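In what follows, subunit A forms one complex with subunit B and a second complex with subunit C.
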Partner chain A sequence: MITLTIDGKKIQIEEGTNVLEAALRNGIDIPHLCYHSDLSVSGGCRLCQVEVEGYDQPVTSCGMACAEGLVIQTQSERLTAIRRNLIDIFLADHPLDCVTCDKAGSCLLQKYAYEYGVKETSYIPIYSKTLYQDDNPFFIRDHQYCILCGRCVRVCDEIVGVHAIDFANRGFESHIATPYDGPMIDSSCVFCGNCVEVCPTAALLPVSRLKRGREWDLERVDSICGYCGVGCKIEYAVKDNEIIYAQASVQESVNGSFLCTKGRYGWDFAVNPERLTQPMVRRDLAYSLGISTENWRLPKVSPLDIDKPDVDDYFIPVDWETAYEIVSSKLVDIVKESGPDAIVGLASARCTNEENYLFQKLMRAVIGTNNVDHCARL
Partner chain B sequence: MSREKLDQMADRERERQEKFDRRVFCCISTACLSAGAGRTMQALKDGLEASQSGDKVEVVQTGCMGLCSRGPLVRVRENTGEETYYADVTTELAEELIAKYVPLSEPKAGDEALAPEIIETRSRLEAARRKRTLKKHILSQNLPFFTKQVKVVLRDVGYVDPEKLEDYLAHGGYQALYKAITEMTPEEVCDEMSRSGLRGRGGAGFPTGTKWTFVRKAESDIKYVVVNGDEGDPGAYMDRTMMEDNPHQVLEGMMIAAYAVGAYHGFFYIRGEYPIAIDRIRRAIRAARRAGILGDSILGSDFNFNADVRIGAGAFVCGEETALIHSIEGKRGMPRMRPPYPATSGLWGKPTVINNVETMASVPAILLNGADWYAKIGTDQSKGTKVFALAGQLTNTGLIEVPMGISLREIVYEMGDNVPGDAEFKAAQTGGPSGGCIPMSHVDTPVDYERLKELGSIMGSGGLVIIDSTTSMPQFARFFMDFCVDESCGKCVPCRVGTVQIRALLDKLLEGRGQVGDLERLEEVCEIVKSTSLCGLGQSAPNPVLSTLQFFREEYEILLPS
Partner chain C sequence: MQAFGSGAMTNSIDEIRDADCIFITGSNTAEAHPVISYEVVRAVKGGANLIIVDPRRTPLVDHATLYLQPHPGTDIYVFLAMMHIIIREGWLDEDLIQSETEGFEAYSEIVKDYPPERAALISGVPEDQIQLAARLYALGERAYGDSHYQDARGHSTILYAMGITQRSNGTDSVMTMANMSMLCGQVGKPSTGVNPLRGQANVQGACDVGCLVNVFPGYQRVTDEKARKKLVKTWKVESLPAEVGLTIVEATHAALEGKVRAMYIMGENPMMSDPNTNHVEQAFRNLDFLVVQDIFPSETAFLAHVLLPAASSLEKDGTFTNSERRVQLLQGVIAPPGEALPDWAITSAIARQVAIKMGKDSASKQWEFSGTAEIFDELAASTPIYGGMSFDRLEPQGLQWPCPDQEHPGTPILHVGKFARGKGKFNPVEARDPAEKTDEEYPLNLSTGRVLYHYHSGTMTRRSAPLHWREPHSYAEINPEDAAVVDLKDGDDVDIHSRRGVVHTKTRISNDVPPGTIFLAFHWRESPANRLTQDFALDPVAKIPEYKFSAVRLEKPSAKRNN
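Up next, the complex of A and B:
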């Protein structure tokens, strides 16, 4: 462990940590746009400069390793001037239409412009990029807002391992591109949307949130993704009881700042009218068990041959107690009649390891069969 | 290969060369080639063949002789050591030269039936014998352009055939390497470099011995040596010349560096726009490998080393060492923050020495002649010689090697023979787009690292562009800002956006839309870009504007409304 002082506060941190990270972990916010705790260091935004005792010139804190006894100031008149100047330059190539921007309220550039009181750019606005790409159903790429921090490029390469995008061209002509600027769908992109998650501005936005409200219009609901056993923490942005978009919920999560494509974009089932929300029993069984009085028989036409079969035509809802009752009594009957090996259990990849363990225990110890399998093996 | 065999090869080549009455050297470096040296060389060869005197005279392809503005250049060297230089040698002149210096021997017995084209050439040579134009093309060796030079790096350039290992050996080639690996420890080599005072010739001037010592002391199984041949300043071609005209000298320097730091592999990083340099370095590597100079157990020692060439893809910023490393690694050529410096974490994270071509080319001479000999040349802080590419509005342009501390006046007025025509010398730009302009009022400044820095410029890699009184300095600054805008990699915002803003302000002034306060604003923006950019390119990009504003402010002021 190393001890250093940031803004008068003594901080203990593991060796190898950079100064910016040490500050952030200790609740000291140094402005930064290109830095992200889970990604490699870039140093391109230049905002995180700090004063280091013994150094004449300010030092970029993301690129400086913590060393024993360092004394660092994150705020000073000189630093404020530098940061103002840099934000000023950023805004020379970034449209100031915050009043209609979907990202308003969560845009980092807007945040720093606010904090440092940069109302408008003092430069002649010259915009380098105008490209607008909506070539996929998941996210749009609006290059005019892109500040080329490179977070999306690094997350795609370093975390996702896909490297679908990178910088193209040079200098003022630089922009983030797929190979040969082709549509996203033709690239190696897996549409996990982690680039959208780490984008500090409105350059990358989920399609589902376009014109659906600004940050302060949205309510935050924490949840756990149900798609697989990992159990990623998700934060749904909700408005009027509808999900607007999903993002990783960083606090105490197993997934850090990232999600996969299912968790991030596959939430429309939540409000789908066809979604099953309670147990149901087929109508003929319900009649034979006395739950229903309607003597219903299975139609000759298979539901598979019907264009849109209505589940209510075949099933009636029951409460959980009744459903468990039916399942357990049926299992007992079958075991009595044909022995336990007449039963097979098939588990789901959407369950956790613990759930799957309990399921095979149920099959082996309670029912008494080794006939148990898992969909992930198919 | 053993030392004896090496010496034998050198002796054989020396004997072979001494057999000739005279040797005719024709420059085939890029500058002369673009002036038609390819045809001149062919005419010389054809003439020699037709003369049937190949046993008396040899035509040698060689490198730069310096005065590139007068190319193609040809030098005739008598066996006695007497030399005559000829400038602007066209094919006609080449034939006249052959007619003068090569006896037209009778066809040998059994060789009577000469090919018709040879008969035709012979008759042309006969006719050329009567011409008297050659005299006008003689270049006096007493010109200050030649006499003021001190050749250490360029010592053999213009004398050796760059495509012939034996010729380099005959000029004492690879003796320094042999000395290093047999008589010196790596530590001694590093110390020798430190004592010589050699500083990085790429522009920043970091002491080479110190750099090598860092890498030598770095603990790692794998270390690398990289020769930075990504020369990109407009008008500069010192490194290209070294690589084209004496590739083995650069290779030898690189191998000594490798021995000194404990590296087994090295890379030449050469810009793609230098096809001849790439070709000649590759040939040199192959020849050295065949001769056992490169590879395992070099010259019978237990030192192993291999070298490869990597080609740049056209980005100026790849001359910056961290961007260069990325480029060799196959990544986009963008600089990263330092530290860590390449000496601790360079190519693929391993300790790496990166030196400029000229630095490497200086090494063999220093080891052979000793650090003290080298340290006697130059000034207190800047030792040795520096190669400059004289370009711009000057009578004599070309490549010169001068001792550090020579005054700009000597270079411009004596060696360069002043600005041509009625115009007058106005300023000299050193260090290319990252450097600055030194005005007439400072023409007596000694050229060394410290003094140039004091004037807001840098030594740079050796580009020296002379500007005459017909040039508008704001226009000049605009040209270089355009270059910087074009070459910014786009990683950090001050350089990416700031340079465009500086250019826009210059445009505003030059288009007559200037307003009071614009110059102050220009200075302010330049300072912001300079102080906040990530790498050397951005930090120095505003220099052409700042330095012209400093010395030629009146030229900017007339662009403002009165």
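Up next, the complex of A and C:
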């Protein structure tokens, strides 16, 4: 541990930490666009410059390691002038579309332009990048908003490990691209959307959120991913009982700032029209119980061999009370005739602990059998 | 597990990034557990060694510093040879073995019979690669850079998944991993241990709370009279069943014989996920009563008598327990559709009515709950490893079991200083070959598993528009050599035959599978892989079916076929 001073505040931190990180962890926000705590340092945006005691010129704080006794100032007139000018230059190549932009409210460029009072660019605007790529249903790439911070390139290489995208061309032509600017699906991209998550601007956006509401219209709910056993914490952005998009939760979590494609994009199953929405009884049972008058028989053909089996062909809807009555009397009749071990319960790795707990308790304490299993093995 | 005393990850996920050496076997981590693969990628980019042992070339192999590709079903010879070398070269941790373990003598006698020459001959992995893997793992050597830890020996961690457990000798393989970690003292410290990665969101929790035939909540054996007596009190019942119940596959057989007459299935789809689908279907048709409670009309639902509509994980509160034993809070994000209800509400309503109909009116009162927090409190009182947990303690980041009392901070690393079962036990394990043999008629091996964009039996992901777009139809991965034999090209229609049935799909010709092996995921209803798998040779202890090895042959579909 070493001690340094930032804005008059004494800070203890592990040796090797950079000054920007030390400041951020202690609630001091130094403006930064290209730096991300989980990625390597690029030093490209220069917005994070600070004054260091004993140095004539400002230094980029993301590139400076903390050292014992360092004294840092994150705000000064000179720094404000430098930052204003940098933002001014960014805005010369970034349309000021904030009034219609889906990223407004969580865009870092907008945030710093606001904080430093840069209303428009003083340079002649030249929009160097115009490509708009919507070649997949996960995310769009709208290059005009790209500030070439390189976060997406680094996350794809350093965290996801697939290196699907990189800087292409130089100077005015410079942009982020897949090999030969081809569609995403022809690259090694795994559609994890971590590039979208770390992108500070509207250059990368989830398709699901386009024109579906602005940041301040959305509620946030944190929950746990329902897919694999990693247990990532996901923040869902919700409007009127609909999920608009999902991203990694800002709370402490197993997954930190990242998710995979299923957790980030796979939640729309919930609103698929095939969802079961009411209890149902199979037509032959309904007939024998006098609920239906049609004498129906279960087809011999396997449901797997029917292209799109329709549940209404097989079942009729009933209310919950009827369903509970049928299930409980059938189970009890069989226990009375053949004993509790004639009943088997299969619980689920998709259900909660509470649900699985109650399920096994029903089998054991009420019905009286240990025939309770689930697909742990499968 | 038998070696250490519990069946979960010994260590935590975020420790992986600080490991010096990572050993992965039987896990397609990048596709089945992507966020864990990110930790592995980080470690490797920082200089850790990554050893992967897998017959199939998984995407993470691109980052491996050492890749061993044994013939299918022969990896156990490689593991035994690694341990043979470690003992021979003196890379073992004698202090730990002396003071904290038992059974080393018998075990090391067996390992003597598995020299690397033998493993190389059987598995096809060169001896020098086995030697190198043994050294890197045992000593925790890095490829470059400084260790996060100051110990004499670097820290090595083992990650594995169903690639080694879904075999008729799965338990042996798991014990082998435990043996290897104890042998080298790579356990009980950060960034070490034996870490099974769990396939589904709450497999760990379902096991923890007792949805297994032989244990009550918290792994208390049903055959243990003391455990029964305690629970009889907690649950206010007269008695509890003392015999081990029937597992899924056993229950299917019993249903075929008419011994099992009714099943209540909550959120599972055995018609897609269980081995030998034709058997499963006959068994379900033979039942007098089948209730399926699910979010979609699954393939299994079409054989049910009653369907109960459940809320999905996005529509309810409660807790899930992840692979690293972390109990975490779920929050409802949206409302369930129509009349669908959370599973806990449905199950307790059924329990109340069953109790009344069985003349246990007073018991029915125990099934009134105000919400999930109240159920969790009862769960915690019945499950010693969750004993100190309650909803208010689970914010913000959950708690890792064991957490026996309210002061306990949870347990990120198991077996620190002492093994959970007292002494760590070396289990003598011999190599055994897969139960089903290939022959002239069925010359190839079929291995089933997962692809990145889909999940389990596909009921959810195949109804997600973006995921479906990325991977719309089924395919089987086939090595060019095997494809050439029957004149198949990439994207052709193909029939896969096993002794149990036929499945129709398309080819994806790829060098990622070795010659002789076909890979088919089990997500596809139009190509239900489990029509091909067998249900006769279960692992004797864990009763896991052999999904990773079935004998098959490829055929070009007959011209008559028209779908």
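Assume the second predicted complex is superposed on the first by the 272 of 378 C-alpha atoms of A that agree within 3 Å, B and C clash if a C-alpha of one lies under 4 Å from a C-alpha of the other, contacts with A are read in each partner's own complex, and residues count from 1 in each chain.
Criterion: a contact is a pair of C-beta atoms (placed from the backbone, for glycine too) under 8 Å apart; a residue touches a chain by one contact, two chains touch by 3 or more.
If you're wondering where the values come from, they're calculated on a predicted model, not measured in any experiment.
> What is the contact status of A:Ala342 with respect to subunit B (first) and subunit C (second): first, second, both, or neither?
Only subunit C; A:Ala342 stays clear of subunit B.
> Residues of subunit A touched: more by subunit B or subunit C?
Partner with more touched residues of subunit A: C.
> Using the superposition on chain A described above, determine whether A:Ser302 touches subunit B (first), subunit C (second), both, or neither.
So A:Ser302 only meets subunit C here.
> Between subunit B (first) and subunit C (second), which does A:Thr100 come into contact with in this model arrangement: first, second, both, or neither?
neither
> For A:Thr293, select first, second, both or neither according to whether it touches subunit B, subunit C, the two together, or no partner.
Once the two structures are laid over each other on A, A:Thr293 reaches no partner at all.
> Does subunit B (first) or subunit C (second) touch A:Gly231, or do both, or does neither?
Second partner only, subunit C.
> After superposition on the shared chain, which partner residues are touched by A:Thr130: those of subunit B (first), subunit C (second), both, or neither?
In the superposition, A:Thr130 contacts neither subunit B nor subunit C.
> Using the superposition described at the top, list the residues of subunit A that contact subunit B and also contact subunit C.
In the superposed arrangement, which is not itself an observed complex, subunit A uses no residue for both subunit B and subunit C.
> Provide the residue numbers of subunit A that touch subunit C in the complex, in ascending order.
The touching residues are 136-138, 158-162, 185, 190-192, 207, 221-233, 236, 238, 241-243, 251-256, 258-263, 265-272, 274-282, 285, 298, 302-304, 307, 309, 311, 314-315, 320, 323-332, 334-335, 338, 340-378.
> Residues of subunit A touching subunit B in their complex?
Interface residues on the subunit A side: 41-46, 49, 57, 60, 62-63, 82, 85-86, 89-90, 92-93, 123-124, 126, 128, 147-148, 150, 166-167, 169-174.
> Under the stated contact criterion, what part of subunit B meets subunit A in this complex?
Answer in residue numbers: 315, 332, 334, 336-337, 339, 485-501, 504-505, 508, 525, 528, 531-534.
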